[in-house]
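In order of appearance the chains are A, B, C and D, and numbering begins at 1 in each one.
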């Protein structure tokens, strides 16, 4: 069987360890390199991998990765750092699935506005493919650079795209009220994620200022065929993992739940990782899986979409492997069920 | 000093134990009776009260309560059961602070619609006072029967009433997206509140069907001077206590955050338990207190109000004692700071 | 490839859903039947399995299971109920991995003493094999009936057996102080596992009376070649899963940590699921895996063994599949990494 | 009424905020100063105090504190820093309740051994009183310097002292297996207390090396009238607050639970904050209170003492105020019920 040699860039964080666990179960992937600023065994960063992976983290070196035969690199680096690694890899013929936000916004001006820095790799940006398989599988297949989608945006996009595409909801006045487990904030130490601060606590953050809002709007505009406007409010939930989004939209005409559910079901038929359910979703039903669960209600004249996913798997490392599978013609579900 | 003899009805649940802890600190209240279906020591129900209260729970008997000199009864009974107790107490001259929902909706037809039963104590319903001190202190002072407000409604009402009163937001299209800790679901055993089901889980429930929606609408209509329409979505958060509401409304004209904050600050000046803050609230800042914390933002043309409280204290037992204080002319903050 | 048809008995609980998730990943197992008292889809019991398993639970019927071609039945029934199912299955040539406690204690008198009932299947009891692969792999291979080991006992047994076997610690005066996540208490509703009761709480239970004590003693006696005496104290930890045991024993002679670690390492060489570590274990390093992590310290003249595992995987369903693999000559780690 | 002016040193941490909440309820204490390295409002450090305290933190300055009329200073500083503050305060006639470990070990050599630094305030060390009211109330009354006891040691000392005093248990071979909520690790950021690391995790730390072991031994030696030897194992529990200790000791003669319970009850008669219970304690029963709950069992020939407390209240700030009350002749329970 064909085995693809892969590297994990930025091996010390939560998306990296989740990714490595999935890849270790993948019969056609072999992790041949893990990078990090510190030279130390991968299992020192992640004791859960003790005895399961025998690699030493090495500082990023594209020549070395090429010499090691890396065919695909998964970037688990922070935005701004990732952009430095992608160019050299693409130049060496290594395909990249970039889990950072550096190649998600197509318009460099939007990147500059929301990320506070000029985008200095416009060349690769121009051919990057937004890695949401349910919408862009055809482009993913042949992509050299995948911009792996953000965790929050996936819930909003997969919940709304079918309804916008059919013209069933207005493209303005959309509210995405999202709630995320704490692992979404990463492994860097911050007071807000210090246990006694966020445990037994619920709070909002970055109200109206979160960088995932323009990402949602960009992709939903594809579906709507015109501009979409989203008010996005993220919140922090005292749990490890999971995102739940409660999404409010205005129907363009009186519409029944059954019709909306049917539209969603039709759209996701044959797509193995989106489950349209009659009942209300819950993050725990999706925990440690690549499933995104959806349902829809009509209340007081509004359409209410409810979506749940695991932020580390579906929201990051699982969908990255789903993209990897599509890129190589492997069954889409390999290592993900 | 004047001491008021009080009874706690329905002593086995979470609002009851919270109430007793507050009352035990109250220099002018003495708990003389606790009722429950089972005859057993209060501290058997609540080991945290071991050594602090020496009473035995007794089945509800209004004559006995009268004989024990009870002047005020706090009802911690479920709705439908509470209504059976209130009439006999009022008839015996005992004032009641009813923490159930039985006397909150003024319109019996609305009660029948949402609670599925005809309201058969219309007489007392007609003079019950909705016990939200920041809005109805004048009526609370002399009330014989207080309908203690619901936990969720307080966040929506205190967040929106000042803005509706000033005509700054539209009375329709209001969305209240609320998140509650698990104690809000009570002490009765249910699969949804079994630890391994709701821990590390976030979910919505009763979407568009929760009984607190008409309660919010009724009280907000007082403030707005006309009908108000609320879409209410409650969610369950894996934590013991705390409610956080993210509230979306449409301004009637372009408006700045500073103006909205000033309106809130002016409204709550001199009201000790509502804290209008510049920063975002968080449930933990209000945990185990009677404070309700508020702020407001303007995002993408919408007004976003964010409110946090402790559902057991501010949302139930604390505000009950605040009402008790007002009823007796005690300083409003007695036993609550 | 050879596919084994399996049934899951008692499909509604936590060990059953964990087991089904593992079996769904197993290339040589096919779940053909799931039993439960209620006839309803498996995914109604377990929404996480929505779209992943299309079976309906059926009441237990050994003839039907035989007709469905079941070769191995995994029993996830409570003790006392399990015993009723095992006999009829064995009689029909169906091999059983019983996750209940019914066939763990070899001495029926001990069963009667600790479980309060006479053991009325002494015939099958006499040939049941205790399913701890690291100790009894040879017997597991050919067993018709596996008594899958208890969650707590595995930590004590795997931690102590090598040291007892070598005569390095005294067989008496052993203290096993264990801490378990709440899923270990099962899915039946109880006040002690109601979220607001056990969240943010730590407590001991069944002090000196837990049924896993005689199980530990029985198996450790095999290793020691004589009676072993264990004082076992279980505690409940506010988390979903994980068991941590801190075990105190008296060395038979002055001994160094390095020697003890070497003995453990030698014993578990080639055994893929026991990881002897230099550092202190933590339950999270083993969460959702079949690993049991161990280390040992010498403090104030005592040997302190520290062990961690996931109670649902290693402690129940994972080790059940490990036994299943050994029974069929599959690689021991199939579906478990 | 007599009001005591107090200062809180090191106002940014968890014991400080807990202490301030208690002091704000104390009718005879007025907080007149809070110190911290940064000049900023107390409520910026602790949003829960918003609107409740109007002080600005100031860098430590003993002259300023004297000028502000401070009569008692509560030290919430880390050990090693605290020692720098105590001398200057005592010299100015300010009594100190020091919550750090700097004055707990009477023997400077022991301090040097366990804290890695020479103790350079032997003068004050020589007259410091260990602030455990149930044992040393007489000395506390007149003390100028109180060494407030450690959180873990209180559970061991209050659980064992009565039994050692009566000669009912051996002074050697004692095992204290303790479990603590995360707030015990303080507010400084560490990977081990980063939410996604310690949530849903249970682990041991500092096995055989924790500084509270010599503190236990020193005080228990007072009770035993001779040296005591303790093997102490602390663990981290995924919850905010609470310590639970399971303590194993060897009886000096066969002894019944009832006798042991009677000894404990007699010892703590009239001591309002130690509750000897028949049932097993649980941390949640003591949460947010100054109670320490105890019981005892006899299992397999060992005495097992089980103790629970709130580490921030009983374990630190609550007992500090209990000491303060005794020092001033206030009722011992003032502000603590």
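The rule is short, and it goes like this: contacts are C-beta pairs under 8 Å (C-beta built on N, C-alpha and C of every residue); 3 or more make two chains touch, one makes a residue touch a chain.
Every value quoted in this text rests on a predicted model; they were computed, and no experiment measured them.
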Which of C-D and B-D has more C-beta contact pairs: C-D
Greatest separation from chain D - chain, by CA centre: A
Chain centre separation (chain B, chain D; CA means) in Å: 36
Chain B and chain C, separation of their C-alpha mean positions in angstrom: 46
Geometric centre distance via CA averages, chain D-chain C, whole Å: 40
Where chain D touches two or more other chains at once, by residue number: 199-200, 238-240, 282, 284, 287
Chain B - residues contacting chain A, complex: 175, 177, 179, 181, 197, 199-205, 207-208, 229-231, 233, 235, 237-242, 244, 246, 248, 280-284, 287, 297, 299-300, 302, 304, 306, 308
Partner chain B, residues of chain C touching it in the complex: 14, 182-183, 187, 189-191, 193-196, 198-200, 238-240
In the complex with chain C, residue positions of chain A that touch it: 24-25, 47-48, 50-52, 200, 275, 277, 279, 282, 284-289, 291, 293, 337
